[in-house]
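Letters A, B and C mark the chains as written, and numbering starts fresh at 1 in each.
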Amino acid sequence: MPTLTLRDIASSIDGEVKGNIDLTIRLLSEVHKCNSDQICFIKDESFISKLSEDAGAVILSPEIAKKVKLENQIIVDDPYLGYARASKLFFNLYQSYEKAEPEIGENFIRGENVSIGHNCKIGKNVKIHDNVSIYPNTRIGDNVEIHSGSVIGSDGFGFAKDKNLDKWIKIYQLGSTIIENDVEIGANCTIDRGALGNTHLANGVKLDNQIHIAHNVIIGKNTAIAAQTAIAGSVKIGNNCQIAGHVSVVGHIEICDGVVILAKSFVTKSLSKPAVYSGVLKVQEHTKTLKLIAKLNR
Amino acid sequence: MPTLTLRDIASSIDGEVKGNIDLTIRLLSEVHKCNSDQICFIKDESFISKLSEDAGAVILSPEIAKKVKLENQIIVDDPYLGYARASKLFFNLYQSYEKAEPEIGENFIRGENVSIGHNCKIGKNVKIHDNVSIYPNTRIGDNVEIHSGSVIGSDGFGFAKDKNLDKWIKIYQLGSTIIENDVEIGANCTIDRGALGNTHLANGVKLDNQIHIAHNVIIGKNTAIAAQTAIAGSVKIGNNCQIAGHVSVVGHIEICDGVVILAKSFVTKSLSKPAVYSGVLKVQEHTKTLKLIAKLNR
Amino acid sequence: MPTLTLRDIASSIDGEVKGNIDLTIRLLSEVHKCNSDQICFIKDESFISKLSEDAGAVILSPEIAKKVKLENQIIVDDPYLGYARASKLFFNLYQSYEKAEPEIGENFIRGENVSIGHNCKIGKNVKIHDNVSIYPNTRIGDNVEIHSGSVIGSDGFGFAKDKNLDKWIKIYQLGSTIIENDVEIGANCTIDRGALGNTHLANGVKLDNQIHIAHNVIIGKNTAIAAQTAIAGSVKIGNNCQIAGHVSVVGHIEICDGVVILAKSFVTKSLSKPAVYSGVLKVQEHTKTLKLIAKLNR
């Protein structure tokens, strides 16, 4: 398998190497999971304490470099932009790997116009309806049903601003999507794959139609979600939750087991108590709404 | 056509038969429409009074069985779970029926990668754009246009919890989708078929893009709905309504003729007066919102 | 190229011609951009001052006709309905034009089941993922990526009510969609083409999944929008804006450069100051919500 050296990476992201410039790197990794043949990045101070002791190398800013003991470093002005640029390098590296035909289990029912990318693994008794798109490297367990028009493993939404160029630089999405057993996904859903780690739907998750699951979301066992709900990136949802329709969940929060969230709620913080949550004003005649808004604004 | 006996059904849902164990059943039906060769289920007390006098048999709990006079019964601990299990049995029964090629009227314009399931009937002057998926048994009238990526007749979202197995049991969706004449459906909409009865869009209904219509929804003549609105299960909407975008309508309510609902409203109860309805706080600078929320929480 | 005369148009929309009944018309146009070989319509008083001096002809009501000096007029009872009927006539006219195969630049990566309509122009280094639908006459620049299931150039949502027939009359969408360079569009988005003018995404626009962009929306350079946001018709959004998920923007407003809108906001008016905007009550325990609503309704 092809690899990169710190020299290759530094040169492609305009960085300066401290340590072993010939170090061989195989993977761009998350800060807390980084191994000796991998590189990660430190976005800001809050990432420092998470840095894996085994990390091969790290991308960071000059200020943070002073506080990090790790021997092999690539120093850049803007580490998030550095990460974005490095992600393209690694995307191209991985693209050069051998591509395997999808592995598909027995009793597979494949609809019309279904696309399945390379390196996908699909279990047994899986039914995929018409016009579904499955991106490369997706893993799907047994007894899974995916309804028409859904997209599994699309790119997570990630860009870093290059202020000099006044341009968004794409963060290539290097993770995968893992769907365990007994999952059902409705029509026209979108499940993005992980940026570095994976997006993960556990056993028995049930999704209605037009649900959006962003990159690196983890959804626990038997959690059910109703139509047009959107879960932003890196959210962790527990087991046996029930989330109604048109709910919005902001990124990077955690929802514990057994939470029930009513329709149209806007979840802006972690929920650590199993309870019933709601959030919006209920519908009423417009004249009453106008009066209420007037009152609220006084 | 193949049929089932009460013995077959009881055995597959772990129930006990009272009455004629050899009774022939052809259809799993709604409680108020159940005929002599059909079986239905009573979920709770509120269903008792709706039970059709002609019903062939009924699935119910031991407590409710005492209050129901109908001769042929299948008694189970959890009738909703019993219904879910029976739905699979009937789904397989219906699957064994003969499958007809779609019947399509004159002047049909079919886009690329359009799938049309068996037993569909499509009228004349119909235009279906690229990458549309139409599930089996859908009926579409004359002068209908369906835009790209829409899914018609996907499974409604229904599961019953099997508490012993700690697992969701799928409620197979046995109904159809009926779309009358002069209907236009935008891009990437999802219209689920009925669970037992049908989902029904009347003459002249106009849907914008990315609208979700759940199972058993009925939409009256000339009603128009804007983008990203979601209508939950079994809602009945009248004629000549106008529903704006990002509206959420909860399940099992009724909206009368001539209602206008403004964008982003959350409709939580039946609306029986034709009027203009709204529901959410309007956008303003975030600092004002924070002050308002602080004030509201005091 | 085929053309129409005022006589043709008047006859098809039940109107009465004042002026040169043999005038040749090539295009149905917007009121402020109408040239000498084009016709436009005046919906109400507010359109009068916008009427281009060069307009070839105009569709208007008898009342407004008295206030408009333009020589060539078609007078109808309901000019909006007249416009709807005329749009069908022009749609058929344009359909009769020669249809060109799509022009596609170098390094094009085309997914499976991608449809591309006639007269499309696609730049270089474009990647279109599986099951994407691109309607005719769409223009796409260089370095554009479109994810699976998205629909580009679908019909905008426009109907005029014919009160005599009690029927919606379709406004045929005669404009195009223009996507400039370096744009990325997520999975299952819908971008409607313009009604008369175009829908336009400028350089560097980034869209997440399941976003709805209605007809005639203009989005400025480097603006990024998160999942499940809906932008209604004729909205103009500036450069370098950031709009979070599940935001609704009503039609015909203008958002200036540099605006940030937080998730689930409902934008009901133009925003002319670059600031951070928000809008809805945050999630909290349902019991608190119920108390709050009770308090608000007192």
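Simple rule for what comes next: a contact is a pair of C-beta atoms (placed from the backbone, for glycine too) under 8 Å apart; a residue touches a chain by one contact, two chains touch by 3 or more.
Source: prediction; values computed, not measured.
Asks: Same or different: at the chain A/chain B interface, is the fraction of residue numbers used by both copies above or below half?
Replies: different
Asks: Between copies chain B and chain C, what's the superposition rotation on C-alpha atoms, in steps of 5 degrees?
Replies: Going from chain B to chain C via C-alpha fit gives 120 degrees.
Asks: Express in whole angstrom the distance between the two chain centres, defined as the mean CA positions of chain A and chain B.
Replies: The computed centroid separation for chain A versus chain B comes out at 32 Å.
Asks: Hunt down the residues of chain B that sit against at least two other chains at once, touch-wise.
Replies: 113, 131, 149, 188, 210, 228, 246, 280-282, 296
Asks: Under the touch definition given earlier, write down the residues of chain A that touch chain C in their complex.
Replies: 113, 115, 131-133, 135, 149-151, 154-155, 157, 159, 166-168, 170, 188-190, 192, 210, 212, 214, 228, 230, 232, 246, 248, 250, 261-262, 265-269, 271, 275-282, 292, 295-296
Asks: Any idea which chain C residues touch chain A in the complex?
Replies: Against chain A, chain C makes touches at 111-113, 129-131, 145, 147-149, 182, 184, 186-188, 204, 206, 208-210, 222, 224, 226-228, 245-246, 263-264, 280-286, 289-290, 293, 296-297.
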